[in-house]
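Dropping the structures in below, format is structure tokens.
Okay, so chain A shows up in both of these, paired with chain B first and chain C after.
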Partner chain A sequence: MDRFLSYVGRHTDDLLQQGLEHATVVGTAIVIATVLGVALGVTTWDRPMGRAAAVATTGTFLTIPSFALLGLLIPLLGLGWTPTVVALVVYSLLPITRNTIVGLREVAPAILEAARGTGMGPTRTLLRVQLPLAWPLILTGIRVSTQLTVGIAAIAAYVAGPGLGNEIFDGLSRLGSKNAINQALAGTLGVIVLALAFDLLFFAVRRLTTPRGLRV
Partner chain B sequence: MTAVATPASAPSRRRSLTGVIGIRHLATPAVVVVALIADYLWVHSLRLDSIEQRTLNSGYLVGRTAEHLKLTLVATVLIMSIAVPLGVLISRVRARWVPPLVLGLANVGQATPAIGVLVLLTITVGPGVGVAMTSLVAYSALPVLRNTLIGIQQVDPTLIEAARGMGMRPAQVLWRIEMPLAVPVVLAGLRTALVFCVGVATLATFVNAGGLGDIIVNGIKLDRDPVLVTGSILTASIALLLDWAGGLVESALRPKGT
Partner chain C sequence: MSDHASPTATVPAGTVPAGTGADADGETATRHGARIELADVSKIYAGQEEPAVESFSMVIPAGELVCFVGPSGCGKTTTMKMVNRLIEPTSGRITMDGEDLLSLNPHELRRRIGYVIQQIGLFPHMSIADNVALVPRMLGWDKRRTAERVDELLHLVGLEPGRFRSRYPRQLSGGQQQRVGVIRALAADPPVMLMDEPFGATDPITREHLQNEFLALQRRLRKTIVFVTHDFEEALRLGDRIAVLGERSRIVQYDTPDRILAEPADDYVRSFVGGQAAIKRLGLIRAGDLDLLPAGSASLPSVRVDATLRDVLDAIVAHRAQRIAVVDSDGRVRGELDFDSLTAAADSGGAR
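On to the complex of A and B.
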């Protein structure tokens, strides 16, 4: 334990740097996935075939093991950040798309009727009424995706991706040396801490962005 | 597969298995078959160098696939025999704070990266199949444990009350009321675990425990795209097919009336 703490103390800068990279790659992927997932949900939620296809397709993506998906992306995108971000986006789509669809479907028809009655067009209804009402659920989807990708991003270090996974793989490559365990432990705990930090962030975002009428 | 998709033997159990096994259920196998054939034709059209030939021959591919399936299926059986009874046991505990604590720990556990667990175990115990198997079980047992707990907790308390009123003993209530009603949730957890296992088993290569990860790593290290793509497609195919089979089992075993 002492050894571990002194290791962390000596390598604080490296660990912070890797943690920051890890958070950046996850954050980038989540922003892209949110745009794509919400767009996909908005275009398919009121078409039974469309939304079934959207959920089935994004669900299939999520079934593919991360190492295999990275393997398929490398010939197209090379090593490093790009395949990492793309893979994380692909994994994040299902929770966000599905929750957007469910959230939009849960908006009561009477509310839509009222919006139309006040003279709102389809676009304004979507932006001012439907999406705000569906937002808490969409946000939950984004949060689930984030928790998922924080862990998956660790594997991307093997394909020259950024982040705390490097610490874990370095530990593995130094198998037998004194610091191997400290490094692997620092990387693993770092990922857990990051996941918890993201969770706290979402807690705050949720409080700040939930429409006033929906707050409990 | 036939054992799973035999609506004829139990026509009343499934509302419309024949209807459900429509285009929707054939899509996954179709995609997998197309991907495998396309990969096969592509690799065949190439002139493989000696490095590629060392990996891309049927003996090596079948060997790694068999290792992968063995890791996955043995781990799933172990998970089923550990996590389900454990979940039931925890749901029986009288102390109210125990189940939420376990659920919370399971959530934190899920945030732990699988590769971290694997590497930490390897450093402390040493590389090998045992370590790979332990990480597979430890990591993938969480969804099953959680779903078993949730599945039992979500059973309508009035049903349990009614069962007790009929004179059922606690064991009977568990076996004849709670367990059957929890089955769909438990199965969903097992299906998730199965998919997790296929994924985590690709990492077994890092601790010299074989599996399809070997092929992917060879492809990356030697910079040979045919090797890399073949390994990835095989891995993805196994994951998709097992998930597909899990889905069929799920709909076949759903209790009547739910």
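On to the complex of A and C.
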């Protein structure tokens, strides 16, 4: 325990640097996945075939082992940030897309009828009525995706990607030598702390962005 | 409830003020109804042989409330929704004060026609004020005018603006929500309102309350209203005219409530009227609308001038009285009615 703490003390700068990179790559992927997933949900939610296809496809992505996906992306995208972000986007799509679809479908038909009856066009209805009402569910999807990708992002070190995965991989590759375990452990704990920090962030975002009328 | 109209005065129907064509130009004064004409309107859904609505033709005079009554699936709602083109007619012509509605942009058209549905459909994430302000904002009203209009309308239906403006729909009772539904439709002062069983989902007591309140409102506003209901009693209470519709929205009878009760066109209409047509007719006539007998000196059981003859009959039976006094809102005796007054009124078809 002492030796672990002193290891962390000696490598604080590295760990913070990698934690920051880890958070950045996850954040980037989540922003992109949110745009894509919400767009996919918006275009398919009221078409039975379309939404089934969207959920099935993005669900299939999730079954690809992360090692395999990252490895297969190397010939296409090389090493580093790009394949990492792409892989994380692929894994984030299902929760966001599916929750967007569910959220939009839960808007009561009477509300859409009222929107149409008062002369709101489709775009205005989507932006002013449907998405705000579906937002709490969409946000839950984004949060699940974030939790998922914080873990998967650790594997990105395999393709020379950024983040705390480097600590873990380094440590595990030097097993037996001094501090190898401590290094891997520091990386792992860093991932957990980051996941908790993201969760806290979402708690705040949820409070700030849920329309007040839905909280009363 | 209406503070200025004297009880006997019936506001003439179809008083269209000048300049009804002008849109949203700073006037908060009420715009009265517009004349609606449907000519040979049909709706055939793709893939169906039978039309849902078949050559429907009707003139709805400006400022009148017309109830469409008919069984479920007869096409009454479809017919109504063709007026604001939530359903596009397959053929036919619909005009509002002569303007061809089918040539307009449907979204812009709907902002000029109030729309109220049974499920209300308030937007739960918006405050009451934002719900009501929806159409005025789409029409580009400025902030002050919109806010003033919202407060004015909340007042109109007895919801104190200070208390209700910034509440959310979920914090309101069903009756309060439906009132907001009605004023949301009235917000931009449209000449025409479409109402699809607006009070159908409320409990009987709230419903009657809402109906009376709405009737008082309509006496002041004189909008042209198409009101769909399957409740014939509601149609009797609210309608200036009633259209009894059969299958494919065929008009079986289109007449005043009194005439439908007195002379139902056929057995189908009679089945809607149900029993007790004579009593129901008494329910359409207000005591104050009759020529009253001079008041005697005896103290009699009394009814208010705005009571119906049905109430008078009830009082006659309940008190075993020969005569009933009719008093105005201050309690002053205006005159008297006896049983013969009732039968005479029923014979002459009332004074509606």
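Everything that follows uses one rule, which is that the second predicted complex is superposed on the first by the 215 of 216 C-alpha atoms of A that agree within 3 Å, B and C clash if a C-alpha of one lies under 4 Å from a C-alpha of the other, contacts with A are read in each partner's own complex, and residues count from 1 in each chain.
By definition in this document, contacts are C-beta pairs under 8 Å (C-beta built on N, C-alpha and C of every residue); 3 or more make two chains touch, one makes a residue touch a chain.
Fair warning: this is a prediction, and the values are worked out from it, not measured in the lab.
In the superposition on chain A, A:42 makes contact with neither chain B nor chain C. Contact with neither chain B nor chain C is seen for A:126 once the two complexes are overlaid on the shared chain. In the superposition on chain A, A:144 contacts neither chain B nor chain C. In the superposed model, A:175 makes contact with chain B only, not with chain C.
Shared-chain residue A:77: touches no atom of chain B or chain C.
More residues of chain A are in touch with B than with the other of chain B and chain C. Annotation: chain A has no residue touching chain B in one complex and chain C in the other. Of all residues in chain B, those touching chain A in their complex are 24, 27-28, 31, 108, 110-117, 119-120, 122-124, 127, 195, 198-199, 202-203, 206, 212-213, 216, 219-220, 225, 228-229, 231-233, 235-236, 239-240, 243. The touching residues of chain A, counted against chain C in their complex, run 108, 110-111, 113-121, 124, 129, 132-133, 211-214, 216.
Note for the complex: chain C touches chain A at residues 84, 86, 107-111, 115, 117, 119-127, 134-135, 138, 168-171, 184-185, 194.
On the side of chain A, the complex with chain B involves touching residues 52, 56, 60, 63-72, 74-75, 147, 150-152, 154-155, 158-159, 165, 168-169, 171-172, 175, 180-181, 184-185, 187-188, 191-192, 195-196.
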